Amino acid sequence: MAMDDQLSSTSRLEAFSDGVIAVIITIMVLELKVPAQRGVAGLLSVVPTLVVYFISFSFTAIYWVNHHHLVHRIEQSDQRVLYANLGFLFCLSLLPFFTSYVLEKENDSFSIALYAASMVITGFSFLLLRLAIERRMRVAGTFHPGDAAIQRKHLLSLGLYGLAIPLAYYHPSVALADIALVTVVWIVPTAGTKPCDDDNR
Amino acid sequence: MAMDDQLSSTSRLEAFSDGVIAVIITIMVLELKVPAQRGVAGLLSVVPTLVVYFISFSFTAIYWVNHHHLVHRIEQSDQRVLYANLGFLFCLSLLPFFTSYVLEKENDSFSIALYAASMVITGFSFLLLRLAIERRMRVAGTFHPGDAAIQRKHLLSLGLYGLAIPLAYYHPSVALADIALVTVVWIVPTAGTKPCDDDNR
Amino acid sequence: MAMDDQLSSTSRLEAFSDGVIAVIITIMVLELKVPAQRGVAGLLSVVPTLVVYFISFSFTAIYWVNHHHLVHRIEQSDQRVLYANLGFLFCLSLLPFFTSYVLEKENDSFSIALYAASMVITGFSFLLLRLAIERRMRVAGTFHPGDAAIQRKHLLSLGLYGLAIPLAYYHPSVALADIALVTVVWIVPTAGTKPCDDDNR
Amino acid sequence: MAMDDQLSSTSRLEAFSDGVIAVIITIMVLELKVPAQRGVAGLLSVVPTLVVYFISFSFTAIYWVNHHHLVHRIEQSDQRVLYANLGFLFCLSLLPFFTSYVLEKENDSFSIALYAASMVITGFSFLLLRLAIERRMRVAGTFHPGDAAIQRKHLLSLGLYGLAIPLAYYHPSVALADIALVTVVWIVPTAGTKPCDDDNR
């Protein structure tokens, strides 16, 4: 049924992606387990868990912001954009699983390497979505090549997430810090790119 | 209260369906269990689980794409469309249950047959939705009979999902491969229909 | 912050309600447990569970349809409508809990009486929402008194759900059949009201 | 990718926030456990649980209402609003965790203090969102200083939630009553502010 209607407005794509991302970001909280111990000792024992949850939440949130801005650039989606978007959502939907992997294995090397690998794969699937959308923009004549800095930053983050994979075998906590750092670089909007006027107002 | 207002815009039907499908597609990730074993052996032990999750995700995603295109064809829904849509969502909402059935029974014949049967029933409920929407299009005068190829493809997939039911008793993994194949045929947009110009650009 | 902005468009109220109802209707599927037994015997053992899930799904779906039509009648909501709507969503959000109550207690008298009681309370909270919206329609001058038949049907269903509470103590399965029947009466659009032209086309 | 597009419509921010809040408010119902005991005794044993669920639901619902009204005041969001909103959603997303903390620890002092603390932090993150939005309104020239009463009420609630933290150590149930009271003050729209004309109609 999908084949006879090549172009469609992006509004339902946005609504569906928002729904999926909203569920992904929220069900991760179900992985947080109340500690058996009472009092402050119990709370302290869940702090590493909260840190991992915070990284996963931030990672998902940053992709939502980027998704928001990327899809905003086109007004109609084609089959390629539709399927690239579903591929991206599939990769992102595995994050809660790999988050609970890290939590249940108590931050061991292998699970942190997996966690970093899942972030690299998600980043790669987002790159495919970006290419599908740029192709659509070229067809629609709305492409402008001014986002070289952003693309450089995107590739750099993929590289740094990728670096966490071997790093996890030697220093799991350094690998986790690397992942957290890359996520923070994305949060601070102007980090790694030229400062924008708006932020100096 | 529903009876005195026979026609209504499809926008809330779309929003609600998007919400339900977004939750269905995402909560399936909760079925993925972190393996007890550490390291690569543990990861390998969840690969079959990830394959089943991927099939279920793709199946749901494909129905979302088709739902998107089908509902797009009408501007107003009547009672029949509303209830056919709820029937379709009900059938689809059982997919996470039958997915975890397959996972917990470790791909035995009966659970794969059930899984295939639930896909046939969902396909059938989508056919009812399609008929309700075509009836609506005829009333509104917007029906055009150009989608014979799509309808043939839809019926063919139902037949091939159906074939997986008896097949599961003899060769569970062949049945699963059959289900995966049919799902992939839907993903590759032009497979089984004439190639579209847009894809050759 | 809510107080200085008395009127607002119903679009976010609809979007939020759709989101909440979509999650409610879908997370109930998490209550379905894969049976320990293999084969047909295992499947048969979950049939009562599937029946209760079907009733809860239909109940929620019907309220969504009614909510859809009711909120559609006004263009702006006031505080009263906003809070009546949240009250209704709270009552409806308890349905997954009372559904799993019935399932875990294996359809005993008390849990079916509770299940029926939660439906009566949800119906009552919907009546409050209906009153808040009718008050809003009177203020906006769009109220028309033509839905007496619907209101009669609504009160009748509340009565019949209420009847299931004492009935559950003597015949749990008859009480469940009563609940299922009332739900079906709402699904068949013209049952209990005059036939509409649209359905005879 | 987010940096080259400083301003964007608030519609997707609203849609995403609605989705996240809808999931947060609904998954808390999964924390409600069916009691082991049958009959009225079993139901009575879950009453404290239902009370805590009701408080958490109301708390989230009130923030949704306030979020609704606050975001409605601007037409475009900038980076600051986007990230302040994500920070608020992160804090709110921890509520289901701290709710189940209270439930599993059976309302002990420490867990109620944590619960109150998480409400204070959420309130503080909402204040940051409010400041980001007011900054945006000043830039767009739509700021009006008439909401001093609301801001006073907001700060007062934060203070009263904060009061519950030490209180929990001496009288856990009084602390819980304090939290419930503050929540109710927000529900009754005119409590603590001048009566509005609309409510006297």
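Structural remarks
The chains carry the letters A, B, C and D, assigned in the order they are written, with residues numbered from 1 in each.
Keep this in mind: a residue touches a chain if its C-beta (ideal position, glycine included) is under 8 Å from a C-beta of that chain, and two chains touch if they have at least 3 such contacts.
Values in this document were obtained by computation on a predicted structure and should not be read as measured data.
Common neighbours of chain B and chain D (chains touching each): A, C. In this entry, chain A maps onto chain B through a rotation of 90 degrees when their C-alpha atoms are superposed, rounded to the nearest 5. At the interface between chain A and chain D, two copies of one sequence, fewer than half of the residue numbers in use are shared by both copies.
Once the centre of each chain is set as its mean CA position, chain C and chain D turn out to be 26 Å apart. Rounded to whole angstrom, the centroid-to-centroid distance between chain A and chain C, based on C-alpha atoms, equals 37 Å. For chain D, residues that reach two or more other chains under the stated contact definition are 15, 19, 22-23, 27, 30.
The touching residues of chain C, when paired with chain D in their complex, are 1-6, 8, 12, 15-16, 19-20, 22-24, 27, 30, 78-79, 82-83, 86, 89-90, 93-94, 96-97, 100-101, 104-105, 108, 110, 114, 139.
Residues 14-15, 18-19, 21-23, 25-27, 29-30, 32, 34, 38-40, 42-43, 54, 57-58, 61-62, 64-66, 68-70, 72-73, 130, 146-147, 149-150, 154, 186-187, 189-190, 193, 196, 198-199, 201 of chain D are the ones that touch chain C when the two sit in their complex.
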